[in-house]
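All chains are identified by letter, namely A, B, C and D, in their written order; residue positions are counted from 1 within each chain.
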Amino acid sequence: MTFLNAHAELLITLVKIALLLFIVLTVNAYLTWFERKVVARMQSRWGPHRVGPYGLLQPAADGLKFLFKEDPTPEGVDRVVYYLAPLLALALALTSLAVIPFGPEPLRFFGHDIYLSITPPDLNIGLLVLFAITALSVYGVALAGWSSNSKYPLLGGLRSSAQMVSYELALTLSVVGVLLMANSFNLKDIIVAQAQHPERGIFGWNIWPQIIGFLCFFTAAVAETNRVPFDLPEAESELVAGFHTEYASFKFAMFFIAEYTSMITVSCLCTIMFFGGWLSPFPASWTFTHYLPSAILIPFGLWLIWAGIRYETIFGRIILPGLGTVIALLGLTLAVFPGVNSFIQAPFWFLAKVFVFLFVYVWMRGTLPRFRYDQLMSFGWKVLLPVSIVNVVITSFIILLRSGWK
Amino acid sequence: MTPQLILFIVLAALSVVGALSLILQKHPIHSALSLIVVMVALAGLYLLMGAEFVAAVQIIVYGGAIMVLFVFVIMLLNAGAEEYTNFSKLAGFAGVPLGIALTGFIAAAIARSAGTAQVSGSAAVLAPTRTISEMIFKDFVYPFELTSFLILVAIMGAIVLAAHKEE
Amino acid sequence: MVPVNYYVILSAVLFGLGVIAFVVKRNIISIFMSIELMLNAVNLAFVAFSQGMGKLDGQVFVLFVIVVAAAEAAVGLGIIILIARNRQSLNVERVDLLKL
Amino acid sequence: MTAHPILDSLWIIPLLPLLGSATNGLFGKNWPNATVNTVAVGSTGLSFLAALEAVREFFQLPADQIPFVKAFFTWIEAGKFRAGFDLQIDQLTVVMLLVVTGVGWLIHIYSTGYMAHEGGYYRFFSYLNLFMFFMLILVLAANYVLLFVGWEGVGLSSYLLIGFYFLKKSASDAGKKAFIVNRIGDFGFMLGMFLLFRTFGTLDFQTLFHNVAQQGWHREPWGVFGTMTIACLLLFMGATGKSAQLPLYVWLPDAMEGPTPVSALIHAATMVTAGVYVVARSHVLFSLSETALAVVAVVGCATAFFAATIGLVQTDIKRVLAYSTVSQLGYMFLACGVGAFSAGIFHLMTHAFFKALLFLAAGSVIHAMGGEQDMRRMGGLSGKIKYTYGTMLIATLAIAGIPPLAGFFSKDAILLGAFKMEGGHPLYAVGLLTALLTSFYMFRLIFLTFHGKARYDEHHVHVHESPWSMLGPLAALAALSVIGGWVAAPALWGGTDFFAKFLAPIFGSGEGAEALSEMAARNLEWTLAGVAIASALIGLVLAWWMYLVRPDQPGKLAKSLRPAYKTLLNKYWVDELYAAAVVKPLLWISRQVLWQGVDVGIIDGTVNGIAHGTAGVGDGVRYAQSGNTRSYAVWVVIGAIVILSIIFFWPGSHATMGMVR
């Protein structure tokens, strides 16, 4: 017990890390499921529905498949780098989540404040850390492409490193506007700065003054994460599978997870910097909106029970109603206990916004065609960069005016 | 053995090892990777000293831009492992002891100096990021503008150099 | 708390290693990288001193050094690409005409 | 606004022509003639106007402000030596200024007509403006150094203009000749300046003369070669060079190779009078040395006679004028020599008028004859080119000394001065004889050119009058030649000797004011004037008889005294003499000693030796420059270590690189 008290901080942090990892990995898995489903709907298909009810167990199956597939190492690869690359990619992607704050006030637990982020909330350079990690995440792809000792991966690696370096500029610059408005690198401060006028609600967020910045940022971020329409490093139509052509089974899975994790990170960033993080879109005075979570969860749970009973497979008839019950009960709890209710607000809104962004990602994947490489480059250098610079100039000018030329 | 000291020793060892492997590795990519290790370790040291902004910039610019450029060029030129030529051995023979001697000199100079000052590790006290920005835009504004001009020139130079000649 | 001298000695060592690397390496890119290593060593010393004196000038200077290093890398790598194009070699031993 | 804006910015007067010169010289190449005219004539005209304004303001100056000196900036300063860009204006300057700008302007206008069909139009005017600039500097300078700048400058532009047709061998040779001969004179001039500086520690006119007066420098009697005498003689050496006096006159006749306006402006009106100007300017010094004055007088007198004799037989119209110029300059020096400075300056002015007129008219004749310069192929032109004839006749009467034209008064004043000076009668006699000769060869020129029957091929040469741009200046100068003399008309002729009075503050009213009773003076002047007129008329009649009445006479005469004729025709073989005495030895020395010995042997030897040595050293050192970057790095490291160890092991050094608390 003394040991616990002595190193409580350390332990708590470790626990938080473990928890976050579990959650994120699960979310990643089901993100794939979600993506496949949505894209299928867009293409009016069913998507996965064999494994488990509504294909809910598909991710698990995929995971097993990755684990048990043969893992060949091609001839003449540079072994160290070849093994290092996926590790690097995954590690960096996961690390970037560490600085994300999911909620403002701590959880009181045995006399310890447990903040909803791994790093302490007063981390002054949260954003810088994020950018640093993003900057480093080039190496995963580039090295993978180089070490595979094969031409398609090499090309993929070259492309990705060029692309990432180019778009990183726009990425960083487009945020400067937000930083100027919050004048801090601290993510928490950035969110708080958007709540200066609680009665305004959604209209106090940065998205309105920084719309240009947001567009630049989101575009650049999509490019940074090598997603459609900027997924040239892994353009299957020209480069087989791009930088991870030579990677199989779990090493491939690492890249996969890294990509989806960075998607999540970017969504979190957008939420924090432009969409007021955990802030509720409604004016603070509307307390009844606090029941919104339950108002969503309970009906959803009930629908799930109802639909589950009528599901064709036995397994589904057992699983789905149970799941529905859990969700409904959860909603009920939120409605009943005001303390829990008020605590859950912030994470709820945060996750909701993140979910929206993830949906946008999938949406784009389903709809947009891929850029051509020269288009990509010229777009990054000739459109994105200048626009974001202009944005910075305008913002700072306005701020200067506001402050009365001090 | 305060935790800072432990951290310092670890990071210092990391950086030195990285530098050594930069020398010993035959392949440029490996050298580049070891250099990246050194840089990250140095960033850690900066953090340890409370210079968090410098640390971030170190990683973003050095790690994220410059070294990426190096790796990119190495990949582009498909540079192979180094080859030995006669003169290089001689330079090595001359250079290694000389470098060691240089290091010894500097180290000795520091040893002679009466420096026992402690680095204040508390970042929050200094809040450097803000102060640094103020210094840059107030005291060092002319050097700052000069560097911007330098970058402009460098960009043009790089374009001129690397641009393909129109036949 | 760590004495400043530790940092400075470390930077000296790194600098020396950089020098050795410069002399020993044959690949132009590696040599260039050893220059970067030396720059980093110097930066370390700068930050250490600035922290030790409680003044931030050192850190500001480090920022300038980094900027200059970036510019240098841009131009230098351009030159290296040219050399590689014209000489089909990255070995400094083969590039001793002091011109392209 | 000050009371005298132009005086406060005197530099404007020389600057304008310089600007014109620069403009034409730099951009004029492809400009149409009209533009070049506008620039050149405009700039000189403007500076003429400025000069007039300056003079007007000068007359309004209170007496204590004369001479008006204005220092614009310090040019050279070394120890106690100071040469500033200081301009000065006093009575003497006023005269010179008006002459230079006025005549210069007229001649510019004339040139626009004369040079219309020549190549290198812009070049010509650029040079001409340049000359104006330097001449004005010379005239306005307030110290010998600046004056010397103008001095050399006019030499340069004269060289450029004589060699204007540089494709003609004779022209370029003449240019070189003028330049080199002038160098000899300048050498003396510089020595004189050095001596003056060494003696008086300054070269500013006012301070210098003031010092002289202060130190109560006693007048050096005849035969004493004191500092002053030597200095004056050296200065005079320069003057002889510039003003073509014995023995350095040889360049002037050849200088006629240049375009006629140049001969008129530079080699008659202005530049060649610079010597006279200098002597007059430093009259304070000269009047302190009898020897110098005597030398000046004798040289001037001799030159006058000598040149006149040569002029008798010349057949090239311009050469006749050239020799007459030389002899007239001799007159001026004679005047200075006998102390009649104002008379000399007066003659300078009048001479500028009628000699310029003569040259321009001659140019007009040549223009009319289509480039023909030999009088033996002219004749009977009077009817064809009336204006030219009229103006030239006026000028001839003036130079011959027929009253009441300008030349008469000035020459009369000079002769009077010569006569009054004790021991000056021989000079007077020679001067008188020269006057006779002058009128003779001038009328010879007139008769040969304009009267008698035409001796040219009517079919090929169709004579035509010149354009108004040429005749206008002729008319103006003719008018000046007529009335120009009256400013100095002595009381004798009902005038008030204004000119001498005007210059009196400079030269003092001393000259001519010997102790002669008013009546005696009157009689004397009457007689002298009468004699002068008589001589002039004799010359006229003689020429008329020989060249119109009995055109066969000259030939006979030439035969009868063949050697004398030959001698005159070959100009006393002076050129040949110089060639044998100076040029050949010089050539030999420079070829054998300087070139073969010094140049090839010593200088080239040294240079090549150094070159070879360097190459050898390079061979040795080359191996350090392997071009291998890393070896260089090693050297750098070694250097660093050396420096460090010096800092380090230096006794008592506490080099520290850590924190020092």
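Following the convention adopted for this analysis, contacts are C-beta pairs under 8 Å (C-beta built on N, C-alpha and C of every residue); 3 or more make two chains touch, one makes a residue touch a chain.
These numbers were taken from a predicted model, which means no experiment stands behind them.
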Count the touching C-beta pairs: is A-B or C-D ahead? A-B
Chain closest to the assembly centre - both centres taken as Cα means: C
Can you compute the centre-to-centre distance for chain A and chain B, using the mean CA position of each chain? Integer Å is fine. 32
Whole-Å gap separating chain A and chain C, where each centre is the average of the chain's CA atoms: 36
Compute the distance, rounded to whole Å, between the mean C-alpha positions of chain C and chain D. 72
Where the CA atoms of chain B average out and where those of chain C average out, how many Å apart are those spots? 6
Two or more other chains are touched by the chain D residues 626, 628, 630, 633-634, 637, 657-659
Counting only residues that touch at least two other chains, what does the list for chain A look like? none
Could you list which residues of chain C touch at least two other chains? 4-5, 8, 12, 19, 22-23, 26, 52-53, 93
What chain-chain pairs meet the touch criterion? A-B, B-C, B-D, C-D
Where on chain B is chain D touching in the complex? 87-88, 91, 94-95, 98-99, 101-102, 105-106, 108-110, 112-117
In the complex formed with chain D, which residues of chain C make contact? 4-5, 8, 12, 19, 22-23, 26, 31, 49, 52-53, 92-93, 95-98
Mind listing the chain D positions that touch chain C in their complex? 626-630, 633-634, 637, 657-659
Touching residues (chain side chain D, partner chain B) in the complex: 626, 628, 630-631, 633-634, 637-638, 640-641, 644-645, 648, 654-661
Where on chain A does chain B make contact in their complex? 78, 80-81, 84, 122, 124-125, 128-129, 131-132, 134-136, 138-139, 142-143, 145-146, 154, 157-158, 161-162, 164-165, 168, 172, 185
